[in-house]
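Chain nomenclature is as follows: A, B, C and D, assigned in order of appearance, with residue numbering initiated at 1 for each chain independently.
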Amino acid sequence: MTYEIEIGRGKRGRRAYSLDDIAIVPSRRTRDPKDVSVSWQIDAYQFDMPVIAAPMDSVMSPATAITFGQLGGLGVLDLEGLWTRYEDPQPVLDEISALEASATSPAATRRLQELYEAPVQAELITSRLAEIRAAGVTVAGSLTPQRTQQFYKTVLAAGVDIFVIRGTTVSAEHVSKSHEPLNLKQFIYELDVPVIVGGAAGYTPALHLMRTGAAGVLVGFGGGATTTTRRALGIHAPMASAISDVAAARRDYMDESGGRYVHVIADGGMGSSGDIIKAIAMGADAVMLGSALARAEEAPGQGWHWGAEAHHAEMPRGDRVKLNTVGSLQEVLFGPAHHANGTSNLIGALRRSMATTGYSDIKEFQRVEVVVSPLEGF
Amino acid sequence: MTYEIEIGRGKRGRRAYSLDDIAIVPSRRTRDPKDVSVSWQIDAYQFDMPVIAAPMDSVMSPATAITFGQLGGLGVLDLEGLWTRYEDPQPVLDEISALEASATSPAATRRLQELYEAPVQAELITSRLAEIRAAGVTVAGSLTPQRTQQFYKTVLAAGVDIFVIRGTTVSAEHVSKSHEPLNLKQFIYELDVPVIVGGAAGYTPALHLMRTGAAGVLVGFGGGATTTTRRALGIHAPMASAISDVAAARRDYMDESGGRYVHVIADGGMGSSGDIIKAIAMGADAVMLGSALARAEEAPGQGWHWGAEAHHAEMPRGDRVKLNTVGSLQEVLFGPAHHANGTSNLIGALRRSMATTGYSDIKEFQRVEVVVSPLEGF
Amino acid sequence: MTYEIEIGRGKRGRRAYSLDDIAIVPSRRTRDPKDVSVSWQIDAYQFDMPVIAAPMDSVMSPATAITFGQLGGLGVLDLEGLWTRYEDPQPVLDEISALEASATSPAATRRLQELYEAPVQAELITSRLAEIRAAGVTVAGSLTPQRTQQFYKTVLAAGVDIFVIRGTTVSAEHVSKSHEPLNLKQFIYELDVPVIVGGAAGYTPALHLMRTGAAGVLVGFGGGATTTTRRALGIHAPMASAISDVAAARRDYMDESGGRYVHVIADGGMGSSGDIIKAIAMGADAVMLGSALARAEEAPGQGWHWGAEAHHAEMPRGDRVKLNTVGSLQEVLFGPAHHANGTSNLIGALRRSMATTGYSDIKEFQRVEVVVSPLEGF
Amino acid sequence: MTYEIEIGRGKRGRRAYSLDDIAIVPSRRTRDPKDVSVSWQIDAYQFDMPVIAAPMDSVMSPATAITFGQLGGLGVLDLEGLWTRYEDPQPVLDEISALEASATSPAATRRLQELYEAPVQAELITSRLAEIRAAGVTVAGSLTPQRTQQFYKTVLAAGVDIFVIRGTTVSAEHVSKSHEPLNLKQFIYELDVPVIVGGAAGYTPALHLMRTGAAGVLVGFGGGATTTTRRALGIHAPMASAISDVAAARRDYMDESGGRYVHVIADGGMGSSGDIIKAIAMGADAVMLGSALARAEEAPGQGWHWGAEAHHAEMPRGDRVKLNTVGSLQEVLFGPAHHANGTSNLIGALRRSMATTGYSDIKEFQRVEVVVSPLEGF
């Protein structure tokens, strides 16, 4: 059923599309933006917008997680980042923002690697989560699969509403000869809180993750701007195709499970409001944003953005990226915009695009008509 | 019948083509350029060329509308622009032309937003249209759908020959819970003057607009050079495909209506004579030009070009663009050209292209053979 | 039989390919370059290489036509260029080479237009051709279709071996209400010398030209580097597809005519030896070179290259282009090369490519296997 | 069975894909990188990684061949390079690294041509190979087909474990009228050592090479960064398609020969770890690396990289390329990496990519799922 290209006589592969390859086309009546709902609910938690702030040190601190929650979204703190490695991470953040600017500087990469060698401290996980909880917003923290067994009891004891397990690639079954890997299905079954897990980028791996009992699946490998995974590992899953594949798995799993709806959350590579909108058009229920939020004045990255890959001990793959600060978090999300490039008033843009195409809620908007039209021809 | 690409397992979309993606190929006898007619008629109004000047402050003032009409085209004044907000807009135009040059300057965007906060004055609508009428050319003015009900009586009283309703996306039916939207069909039925309405970019929305009784439909969302709609809203309708789709709607509507011919007018993204020619080759009866005319010495933009999106209060999307002035309006349209880049002698180029491919009028030229050949390979 | 893309609901078109889009793939045994023949014969005239020097003032003077003939190719003098407008064109050539360098300079374009306003003088046609004939090489001159009736008797009286009629687009039938156009079929029938005519870029127009009795058909509209025809007129015929289409017309015409072989000559857009080789691979019998020869030290353009479009009175389309001089004409054609970019040793490269793919003559090499592989992915 | 594109009416060709056009997609469980084997065996020789160092003067000296062998790979010395032309090549290498930096400098090309005019000396072949053998690593040297008959006895007498015959294009049958060409089949039959031969880039020529008895076939024409073969000769075989075609020939030849497995070795154009990984994904058993290893501190090129084409006497095609040195050979292969661009820890990246996609050995990894996704859309 799926069309495959013959790359050579011995290999076939599908054509995959990035968000830049597609565009939305209005094909119905128009609607008043004020009549459009962009709210999102996962498990018992209700949000005013379908946006999760990515667990990255350049985006989320306890303070920005609180602000983001108060603005109506879900902020996730990286529980293996600087805030759980340092009692006071501010001097470290200041140093990182002052590192040599060159995107490919080996010296900056080396220093990042060193700064992240400080151990994660369980008591800091506890106190950071408590700080967020005290503010009255939904509490969420993330661990990598590698550290989940070591720290999840600390996390649960500290109290989280939503638990995020996020790695470059997470599969439902990890094979290892040297250690007992995390049994995701059993782990999620035993937890009391909803789990969001990923990234995955294909129909089959996403379907397997859905079968573990996850409430949501992250689509992607953690982003575009901050990763050079394709160059280093040859791995790349263009987002438009990946989201659409995982959305198909959601549909099939709903049938197979007798009605369980697993949320599809696009994660990475969405730098502008247009990208967010197109991710939803491809079938996402919500988006996890990194760089788009790192452009806020409050962002701890102070104009810089980096992911966990950037300081990987043996194979750093993501560069620190310099971003322009475009306004407060409030302005980035709701405007008013004074920039014409899709970096502020993200939610206003979503609302307007839905109104222009005549859709009134996020779920309905997943059906909007799109065309394939590479950006270069633009 | 229409071939769709599988973007992912859960989404399909058509491949859409921009004007840059196509080229015209001579495949018949040649013809003398002098024997070619480029005239155009809509309703009772006859023009020497199939060109409408876009209702944008950088292109049309009362004076340039008159000049443009005298040269054989149809000039449209923006009735919500500076000329109806300011008794004397010249100092405002001067200030805009002196704003910071950076295309993405937030300060320039902010100042544009402020300057357009001045209210539209009904009496200025009246006097500006009277000035054009006094010169003896066809009078046309444009309003957005949002302001049409407020000002259309003023416009009709002032006297227009052709009424233009132009917004980023205009649909035949707009849904709103908070206010009674414009009923286009009834509105057009009750008006005494022919109406041109748009933009629309697909077969179905254009067909619906044709059914409202419009004399012409604008294809597009208001342009290429001056909009960043794709980045901000994810919306984009590549022009070659859009024009061809709307031309198919014209054909089908003519059948359905028992012979009513609605004009298809390509609007936006045509920066060179080659683009104009290809728009007609795709099925357009006429083109609405912005940037191509903003390059004239007489253009009020004084070398700058901007659209209504550029000063949108909450979501500015189009940047002011610096253009090179290439000669008088006469030279831009009819030459002689001293530039080799398709920015002057636009009508001469159209005439020559039609002659080279052996076609003698605009309607016939819509059938010319084209190939798909992306510009990059050029 | 030919696959067409749906550009929109109202228009279809073929995908066309440029020479950059294709590449040659060795798929047979290899061969010794010394055993390869690159000779070419048209009518009674035999050449050591399948190369015609383009009738352009930046490429051909009487002196370079002689040198080129002595090196084994066919040089064609533009009989409407500077050499037939000025008794001594050298100061004019010197002035052109000193004009403002900017490729899009309107002042330079204006001055070019003025310099070419000097009238063509019949007696200069006579003396220039006599000069070439005196050197003992094959004599060829070119006129545009517009001037052919005015000057062809002068040309024949002066004595040419091969007559070239070359314009941007030449059709077998030109329609005009104001003057009697050239009847190509009758004209060629009455001439005593073989005629090469073009450019044409499609199966049908080329077939019609073949039926006029032409000995050879030029494929193309006069080039890549020196023309902006696509931007100005929207017209473009990607060369790989164009040559292949015309080669199919040659095959079908040979059948229809009972065996008359009309030569297919690729004209324009071949800037490197790889382009020349690919043109032959697509079915060309020979190539007409402009910019590739304008890089020779002897070229009258003195490092600049321009075509007739560049000084068109009403619609200049081709810019003067600055080229690097890479060596003597001998080195450009036969090496040794000290440049690694395919601009010298053109014939050596052709010979080597044929040897590497195992072909021993030009006609056979037209069957070599090619792949579609856009240059960007290179 | 193979889909062909109609380029024009007279020519068809397959669409061919480069490594940049494809990407790997994880679609299974994940695996521990420590459980992954990247070992490779050809004939009786076992290696810790599937990597051959290219016989190029900028990559391999006797010293680096030894180091490379000790690190677990196969180093091949160019037996027609500077080390067999000069008793002490160090001053020559120093001079080359100090030549004018411009990539297209004719003066640098001329000087390279001169330096390689020094004759190859048989006694230097003997002593260089003896030096490598003394270190206890697998000994391999390469000759071009042109010189194989002249020097192979010297090479065999000196003692090699693996013999490499490498030229731009090598076919199983070379035709020449002027001299008796090398009969590869007989030659390989008579030799006592396994032979690796190439480059070839298609199913048929590779199948013919397999039938000569070769132990391995090189896929490619010697690279991407250092060759301008496409521009000069029009010849190009995009690597993803080429490797896959040759892998299909391996499969069919194994059937035809009753089980003989000929190794497919991708040669050229792999500048990053991602490229290496994708080459294996397309079906390669091993890769031959040039530029990727020329970035090591020990590389004789001292930050420069050039191939035999760069100093070809009549038709230099490859430019000298300036590369950044990124660390020791140990770091280039095994890390730790302080660069985020895929130029160091090549083997670690391979191991990680295999683990992420769930494969445990090189042969199995050839089946990994890939998508077509051009790099530009990235």
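To be clear about the criterion, a residue touches a chain if its C-beta (ideal position, glycine included) is under 8 Å from a C-beta of that chain, and two chains touch if they have at least 3 such contacts.
Since the model is a prediction, treat every value here as computed from it, not as a measurement.
Asker: Report same or different for the chain B and chain C interface, where same means the shared residue numbers exceed half of all residue numbers found there.
Answerer: Here the answer is different, because the shared fraction of interface numbers falls below one half.
Asker: Relative to chain A, which chain has the most distant C-alpha mean position?
Answerer: Result for max centroid distance from chain A is chain C.
Asker: So how far apart, in whole Å, are chain A and chain C when each is placed at the average of its C-alpha atoms?
Answerer: Centre-to-centre distance between chain A and chain C: 56 Å.
Asker: With chain centres defined as C-alpha means, what is the inter-centre distance between chain C and chain D in Å?
Answerer: 40
Asker: Residues of chain A touching 2+ other chains?
Answerer: Chain A, residues with two or more chain partners: 15-17, 21, 241, 375-376.
Asker: By the touch definition up top, name every chain pair that qualifies.
Answerer: A-B, A-D, B-C, C-D
Asker: Can you name the residues of chain B that touch chain A in the complex?
Answerer: Its residues touching chain A are 5-11, 13-18, 20-21, 104, 106-107, 109-110, 113, 168-179, 181, 200-202, 204-205, 208, 224, 228, 230-238, 241, 309-310, 313-319, 374-376.
Asker: Chain A touches which residues of chain D in the complex?
Answerer: 2-3, 15-17, 22-32, 34-35, 203, 240-245, 247-249, 251, 272-278, 281-283, 326, 335-342, 345, 348-349, 352-353, 356-358, 369-373, 375-378
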